[in-house]
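One structure is given below, represented as structure tokens, and several questions about it will come after.
Chain IDs A, B and C follow the sequence of writing; residue 1 opens each chain.
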Amino acid sequence: MNLTKKDKKAFFLGAGVFAALVLVWTSAAWLVPAEAFQGEVYRILYIHVPSASCAFLCASLLFGFSIASLVKKSPQAQFGLWARASAEIGLFFTVLTLATGSLWGKPTWGTWWTWDARLTTTFVLALLYGAYLLLESSMPAGILRQKVCAVMGVLIFADVPIIYKSVTWWRTLHQPPTLNFAGSVPMDGPILRTLIFSLVLCVASCLWFVWQRSANLRLRLLFEDQSFRQWRGV
Amino acid sequence: MKQTFFQQLRSHFKHGLSAELAEPQRWVGSFLFALTILFLFAFALGDLEEKMKVQVLTAEFFLCSFFVLQITHLRIFAAEEEDKAVDIIQSYPTVMSTYYIAKVLLAILFSALIIFPFLGLMILLHGFPALTGKFALIAALSVVSLSALGVLLSWMTQKAFGRELLFPLLYFPLAVPVLLSAVQASFCLWGLAPEAMFLKWLSLLSGLCVIYFTLGFLLFDEITGWE
Amino acid sequence: MIENPMLKVDQLSFSFQHKQLFESLSFELKPGDILHLKGPNGCGKSTLLSILAGLRKPSSGQVRIKSSAANSIEARSFIEYLPPEKSGLFLKMTARQNLSFWSSLKDRQSATGEIDRCLRNWGLGSAFIKYFPTQRFSTGMKRRLALARISLSQSPCFLLDEPLNGLDEEGVHLFKNMLEQHRNNGGSAIVVSHESQILKTLFTDQLTLHL
């Protein structure tokens, strides 16, 4: 298989990030002590919290690429591809957040699901990502689709602050934010360190996914264009 | 003499009003649909226990409003779409934001004409204790947010395949914060949620009103014009 | 190069879903020019007209109408566009309401008398036509009303896609008179039509697109 320098770079970068992530999760599963009140079940926190962060990070990326798409109007629709990749990866992480949240919720709260404000609005974010992807595939390719999806990306981002603030605005079943920048963090050293490593590596893997997925989408477009030209004998 | 912003807005609003009044069956149909949902809820739920009544009726009112407004907002540009008048509008020297504002004002006007009589019926038939200024304010803010959102999404989905299915899938998630805050603010009025939270819910609802209207106003120009 | 052209197209290209419709197209239209745009089905005539009307963005190149970019508000005040097949009417409204709205969006507020006169000139002066919604009109009557909208506006540049669609002999005759008067008044037009024989005497130039 002939790989270009860029492909090799992407491969080794991705492999490095995932290897580090596997190491951190392994240490989270076996080496870090159990939590005093929740016991072993708390360990899902190391996937749940980073996934939630990545889900919201993707909404920010979607917003950024949507604004760039509206402002720049590039003919190759580059920013549209980045935005779509962000939405797909965002959907993946949102579903992962909800699934891991349910697995955590059952032993902790006694229920797989409750219509708590934060859970509900995270579910809404998943619906929004799904709606974005559906909108994108329902429209014929062209500048109008780019613009309409960019506007949708901006609307989705308008929903994100509501989700983020929900825990502080409303009394809910969900615990307050684990990590905040004002005041102390209610966590012991090893747990906090492992969580932060997990968060950083998860974010890195999320960015890698978005990068690779957008490259994938671009390749698909080029391939379709080449196939068509070949068919037409151009 | 070039038309000013307000002159264009007035042209669009005046003409839009005539176009809506020329097709009253659309809005009357929406009101009848709201009544149908009201009856369906009544049959499905039967006689409600007193302590549950207000909670259920509040949810019923906002849900009915949501479904009815979703259908009516989907068709807000129906008059322009029938014979491609929408293309002519875009080829005219018109500031598209004026068109958006005019459509939102029309959507608010006709949505209010459906929702408030519907609310009156709920008060009469179910004894819903909603005859208060605060509840009217909550209902009005909900109508404004949903109208601003509905008009924008209706325009966005004009060229999409399977629009009738796609529109609710876009509308619902974006309308959920509006519905959540409207219902919770109402619960504060009936003592079902802490009274101190009423202003927070109301400011969230007002905030969503401002956000959706402002985004619609700023972004409408981007999704018109060049295809 | 023409000084102060009405419309200037410079290196215009357009491709859509892997199909290149036209490439590096350049031409100019001066006041008094009536350009016949022709070509086989699917060659991009309607697409070109919609680009000139500012409804679509070209892949590359520029369109300027009296020195303003095609999709600017200034440029749009100089043109009148007629889409193919549909006539751009509000079907639940009367002919008079339609014309009144369209003229209110341009620089001019046409008085009711002027609108009635215009309708009569296009053979649409009867009470039935004035007071009933246009959805009851035949295809030819809708087309006449669309052409009435265009003639009422007095814009200097017309972009007409299949204007003769559905028109009877009298309608064609009225259209020819309108176009001739427009040309004599220094206006210009681009007309897409498969019926070149009928309008042959009016065209000053022609442009053929190929597949």
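The rule we apply is simple: a contact is a pair of C-beta atoms (placed from the backbone, for glycine too) under 8 Å apart; a residue touches a chain by one contact, two chains touch by 3 or more.
Values in this document were obtained by computation on a predicted structure and should not be read as measured data.
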Requested in this report: Give the chain pair, either B-C or A-C, that is connected by more C-beta contacts.
Outcome: B-C
**Report entry** Of all other chains, the one whose Cα centre sits farthest from chain A
**Finding:** C
Query raised in the report: Using the average of all C-alpha atoms in each chain as its centre, how far is it in Å between chain A and chain B?
Result: 31
Report task. Determine the centre-to-centre distance between chain A and chain C, using the mean Cα coordinates as centres, and give it in whole Å. Result -> 49
Query - Separation of chain B from chain C, taking each centre as the mean of its C-alpha atoms, in whole Å - result: 37
Report summary line: Expected list for chain A, residues touching two or more other chains, is 140, 142-143
Query raised in the report: Do you know which chain B residues sit against two or more other chains?
Result: 226-227
Query raised in the report: Got the chain C residues that touch at least 2 other chains?
Result: 57
Report summary line: Per the touch rule above, chain B residues touching chain C in the complex are 1-3, 8, 11, 15, 18-19, 22-23, 79-80, 82-85, 87-95, 225-227
Query raised in the report: Can you list the chain C residues touching chain A in their complex?
Result: 16-18, 57, 59-60
Query - chain B to chain A touching residues, read off their complex - result: 152, 156-157, 159-163, 166, 169-170, 172-174, 176-177, 180, 197, 200, 204, 208, 211-212, 215, 219, 222-223, 226-227
Query raised in the report: Which residues of chain A touch chain B in their complex?
Result: 70, 117, 120-121, 124, 127-128, 130-131, 134-135, 138-140, 142-144, 147-148, 150-152, 154-155, 158-159, 162, 169-170
Query raised in the report: For the complex, which residues does chain A have touching chain C?
Result: 75, 140-143, 224-225, 228-229
